[in-house]
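Scrolling down, you'll hit the structures one after another.
The following pair of complexes shares a single chain, chain A, combined with chain B in the former and chain C in the latter.
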Partner chain A sequence: MSATTDTVGTGITGWLGYIGGTLAAIPSQYRTALRQRRRNTIALTILFIVVVLYPAVGHYVLADFSRRVFPLPLPDDTVSTFMTIFAIMAIGLNIVAGFAGLLDLGYVAFYAIGAYCAAFLASPHFGALGINLVFLGHVGPGAAGIHVPFWLIMIVAIIVVATFGALLGAPTLRLRGDYLAIVTLGFGEIVPLFFRNLSSVTFSLTLGPIVISLANVNLTGGVQGINPIDPPYIPILGWVFDARSGPMAVYLGLFLLAIAILVARNLEHSRIGRAWGAIREDETAAEMMGVNTLRTKLLAFALGASFAGVAGSFQASYLGASTSDFFDFSISILVLIMVILGGIGNIWGAVLGAFALTYLDKSLLPYIGQRIGDVAPSLPNPAEYNFLIYGVILVLMMRFRPQGFLPSRQREAELTVHGLQDAEREMGVEVETDNVDITPHGQSETGSGARDAETTDEARDL
Partner chain B sequence: MNTTEVVELGTGSETDDKMLVHARGVTKRFGGLLAVNNVDFDIPRGSIVSLIGPNGAGKTTFFNMITGYYVPTTGDISFDGHDIVSPGRRGRVKSLKPHEVTALGIGRTFQNIRLFGTMSALDNVKVGINVHLQSHWWDAILRTPGMVREERATVDECMQLLKLVDLDHRSETWARNLPYGDQRRLEIARALATRPKLLLLDEPTAGMNSSETRQMTDFIRKLRAELGLTVLLIEHDMRVVMGISDRVTVLDHGEVIAEGLPAEVRANPRVIEAYLGRGAAGES
Partner chain C sequence: MDQLIQVLIIGLANGLIFALVALGYTLVYGIIELINFAHGDVFMLGSMLAYFLIAPISSGGWGIFPITVDTPLPLKIAEILAVLAICMAAMATLNVTIERVAYRPLRNAPKLAPLISAIGMSYVLQNIGLVWGSAYQRTIDSVFPPTNLLEPFGITSVAITPSQVFVGILTIPLLIALSLFVNRTRQGRAMRATAQDPDTAGLMGVDVNRTIAITFLIGGGLAGAAGVAQLLYNDYTQYTLGFRFGLNSFTAAVLGGIGNLQGAVLGALVIGEINALSDFYLSPNWTQAIVFGVLIGILVFKPTGLLGQQLADRA
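Right after this comes the complex of A and B.
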């Protein structure tokens, strides 16, 4: 049964699982699962090498080489770090949109809330209000404002953002399809506006003995945002690394990404993941089979949002600043494009899509723009038309490979015209081409064919 | 079977105890359309009961009220000592949610097959068992030993169910890629995974030829014998209904027009009239 419960792990566990799986006698029905597993293991190994070596030496060793061999820029530390940040977000959105099938167009809101968690908890900002608290931090005692260590911020951000995800989800998840998209779109617009405009808050609240009174208080830094934010200090064996620059930031990002992948994968292969799949496939049938749809969707929303919380607080700590104009609506769309390009429903697809688009956005397009600028300054800079280019890519993708780079098994079946027949062939079943939907076994008697077509039709009433 | 529990609850007499489902005065109105009108309906424990009637008689609507999908306009439905539909506040009717009803022990299939098409047969059945699993999302993230054990037990139980419906060799095939008859049986396996006391089958032999139909009726009998299930059946095929049912209830225009043993119902002039028209009833 081990093959069906899918025991692909990362790194060492993946290898052990692979070797163990190969040594064991393999019943034929698990061969497909094993092939999938072997492919995953190879991919993981390559990924592992790239991940460990590239940030440390790749940029310095390969950069010179690449400049001579092919004229493409390699992602530097900053771009690599942003790749991991966006990959974490893409994984989170993939839980909401890919696993549970809920279209969330306001995902940037959670990203912003995560970033402002870091901004509030690790900056001198609140020093102006006379709130000074240095807690377990690496900032010297007596510093103005609140200073909390990075890991604690991350945990707080996860909890806060997941709470906001649940708060948004509770009233809106009764909506289906397009309506949910519209409401989340609104939420994605509202939250950054809040952060932009809460720069002079006058507010008073009396709760028995507790009196909260604010007069013209700058809560979020307004348009300027909040800075400086403490860098992510990582204590390892008595040393404290400042992961704001250089390969350390990339490693921190990759570490967070690895955790994100593991968490998402574990969720996918659990009763929650199956319940999400059931809701995505047929919400009514899922409900009738005992799935508490509202609770399950809420969980998808909250858990998916928490990934954006991690990405947001990491990003704010990494950049040392948090401004509201960074959290534009276009980020929601960008992350969604990443998920779709990579292959919606597939974690590795989301990672690949995020890597590719971030590279394109932050490395390749500016580079091309620069080159064009050198040669012909009057031509438009492609970096300024990035969304036009993503649009074209998306259209081409939908035309030629709608299932994405690395499609999930489900989505591939839904979108490829011949996917069904391929799948059947793989299963060793003969396909009757004139009756693709169903392959009747001994169903040659009168009328059954016509009746089949009728009953398997997508009738939405029960 | 929670027979003892029912007695302890003391909700009623012996008749209540014998009846797994007890419905009184169930009415469902869709705007101006009276789909189900004042239906009284009981299902004895361990029986196979059929609900028949012409198209649009309200059979599926009634099904959907038992399973909590529709809230009746008025009425009471109790199942195994628990209220599914009961009078709520301010004259409104209170109904359990479908997933709560499923947890109580009612499993169902659909008239139009509604499997989770691009999930494997095994995963489809696993979804059915979900309602009885204890592990939480944090167990899933951390892969706690309890969760892993539960997952393993789930696979075993689901594979047994697939074996019962003779689909264990196709556990990894997507539901939508299965042949039609297999899909019907997979739906039953999925319903059985919810560990039901009552199994609701909505036209289980629709679109089947006579030999498949025979297999299906044998299978339904086997379910009752081996799993001690009570079965409520909606069916159009009269051979199936007459052959398998302990009792038959006939609905027409949302009302019960006949109820009794299959032979009694078959001879009932109102039933013949409903199915074949007034002239036919007069002739017989």
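Right after this comes the complex of A and C.
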């Protein structure tokens, strides 16, 4: 990208000139890049510092400040940890719903499966069945049940959940739009039901000489769920990173979140990410261009699901328990609202939405409820009616700001000429306004953040 | 055998209530291709309203129509009709309002935008039910005596109760009336035309917005009637009822072929029987999973449903 290519002459002097020119151009290029991305760089730096410092010093410095000056509560360690958990999930759902445009209303199923992966692999639960296995863990040898270290659970959870994502996806992804949403909803309801109901399994299978017979086996702990689950201990060079509670748990969550963001960003800009975009905008056209739509959608489902697996197993380890009641349909909707609120299709939007909504749900509303309760105990507690507020948010967002508060740049570019210019200026490309076609990418259907692959014409097609 | 017949009778009564709700789903989907997620909660609010109208003041209701087992029959019928009229009118109004507020502004948005809006609306209504009726189950004393109507005929092994007959008397005329309305009246023809092609229907002089509003009006009215039937048949209501009934009824609508009125009724009867059979022979814990299994199975293998027409690009 350097202007020095013009100076390339012949012979050794030409080469030296070329190299010298290139080297001389680096600082100015860097400055240009910094100038163009200054806003992002500064924002990211501040964000990074806040995120790194907050869990450790937040309470000492800010708690007093929040008590005296700023009347709203600050998220404590538990809330902060849940912020990271939900942010990981929001990123995962954003891959399915935002990148690939597939509305998944049963995302909680993958979260539940992830949590139960941790519950099965790191608890005394299976000791009752006589299955005892301690593997590389921090639980002493001879302990009842299966005990596997945290990082291994993560890997297993990712694989298992991605497999379930693919299993669900395989038969259902031929469906479009709203039908897919309903099928995933059904799946999201069935999975927790299985975890709830498989508390006394009687099962016998005869395959020739092999007879498998189980009588009244408590597979999932039923309504009580499974506890205790081993806390997330992570050994690093002989030192044990104890992320059971407190700021360490927040840091572990942030670490997982950082990996999730990195993976999602790379996916977005990869070949598969572009294929998702193509499918989202126009599935038929994408197929014509040689995109294997079924395989691409399946990948979106499996990869998106694996994020929920990470979040679920981390949550189960963190809480030390896993109960089926936690994995309600409302969790799916909560994560969906996070994605929509932040700006569907945008990773940072999903993270922001998750942080904001988790804070609202677990910190702000209980606080307001407590305050109201102090003043007038007869008034309703907003924390009990949180989904009333979320429902209103959903309706209002769809009507007034479907692209979310932090819309993805590409999406905004597709929406307006103004946005296109902004986007290209950011990328350092000059835009000649005369040549800008108002709908260059043929996006008649992108009027909303719902990212449907279908045009309004198609929606009317019967 | 008698046991099976008994279970099937229970399933039939369940299915008839599902049918009223399922028709609301199928009417709306047929005309604007929206899964009206909030419909189940409209039904729930209908039963909640019926509860407050009927329940005596001593148990937290308004006691306006205090129907009990001992109420003389003509008065009982009059009171039930009054409750029915109020609930149907209220839920019809509510449903039209929802369409106006949450769906009409999104008429030209991508298909998933109104669906998400409907999910939001569902939560709003559910929480209104929670605020209004509190979190626990609201029960009334049974309005109908637990007698067996087959006893005079010398059958004692199988029972049909007055409440089951009531469900039949309530729902079947409504189903017939709806069928006549859609197939025989001018407005019904406008509905069918709009369902086929709203733009062309508009060009032919059909007021599309008004037709859609009327569809929601009818759907809401049926949901209100279903709410009354649910309360008087099962004697309870709760704010979570909408989600469960809604999904059962939606499954019924899909099973019958969404957009198809006869299909919705047929599907509802099948789902009602599946519910009853599973409750009785398997375990109530698994019923919901089985209904969802049916839903997924149909959508995956036969998205047009049992009686559905060819839906080109629908699924």
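As a convention for this text, the second predicted complex is superposed on the first by the 359 of 462 C-alpha atoms of A that agree within 3 Å, B and C clash if a C-alpha of one lies under 4 Å from a C-alpha of the other, contacts with A are read in each partner's own complex, and residues count from 1 in each chain.
Note that in this section contacts are C-beta pairs under 8 Å (C-beta built on N, C-alpha and C of every residue); 3 or more make two chains touch, one makes a residue touch a chain.
If you're wondering where the values come from, they're calculated on a predicted model, not measured in any experiment.
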Looking at the overlay, what does A:103 touch: chain B (first), chain C (second), both, or neither? second
Which of chain B and chain C A:177 touches, first, second, both or neither: second
State whether A:333 touches chain B only (first), chain C only (second), both chains, or neither. second
Considering only touches as defined above, state whether A:374 meets chain B (first), chain C (second), both or neither. neither
With both complexes overlaid on chain A, does A:292 touch chain B (first), chain C (second), both or neither? first
Footprint intersection on chain A (chain B / chain C) at 445, 448, 451-452, 454, 456, 459, 462
So in the complex, the part of chain A that touches chain B is made up of which residues? 1, 4-5, 29-30, 32-33, 263, 266-267, 270-275, 277-278, 281-282, 284-293, 299, 303, 409-411, 413-414, 420, 423-424, 427, 429, 437-445, 448, 451-452, 454-457, 459, 462
Any idea which chain C residues touch chain A in the complex? 33-35, 101-102, 105-106, 108-117, 119-128, 130-131, 195-199, 243, 247, 250, 254, 283, 285-286, 288-289, 292-293, 295-296, 299-300, 303, 311-315
Residues of chain A defined as touching chain C within the complex: 103, 105, 171-172, 174-179, 181-183, 185-187, 189-190, 193-194, 196-197, 329-330, 333, 336, 340, 380, 384-385, 387-388, 390-395, 397-399, 402, 445-452, 454, 456, 458-462
Looking at the complex, which residues from chain B come into contact with chain A? 60, 63-64, 67, 69, 97-99, 102-103, 108, 110-119, 122-123, 126-128, 130-131, 133, 135, 137, 139-143, 147, 151-152, 154-156, 159, 169-174, 176-183, 190-191, 194, 202, 206-212
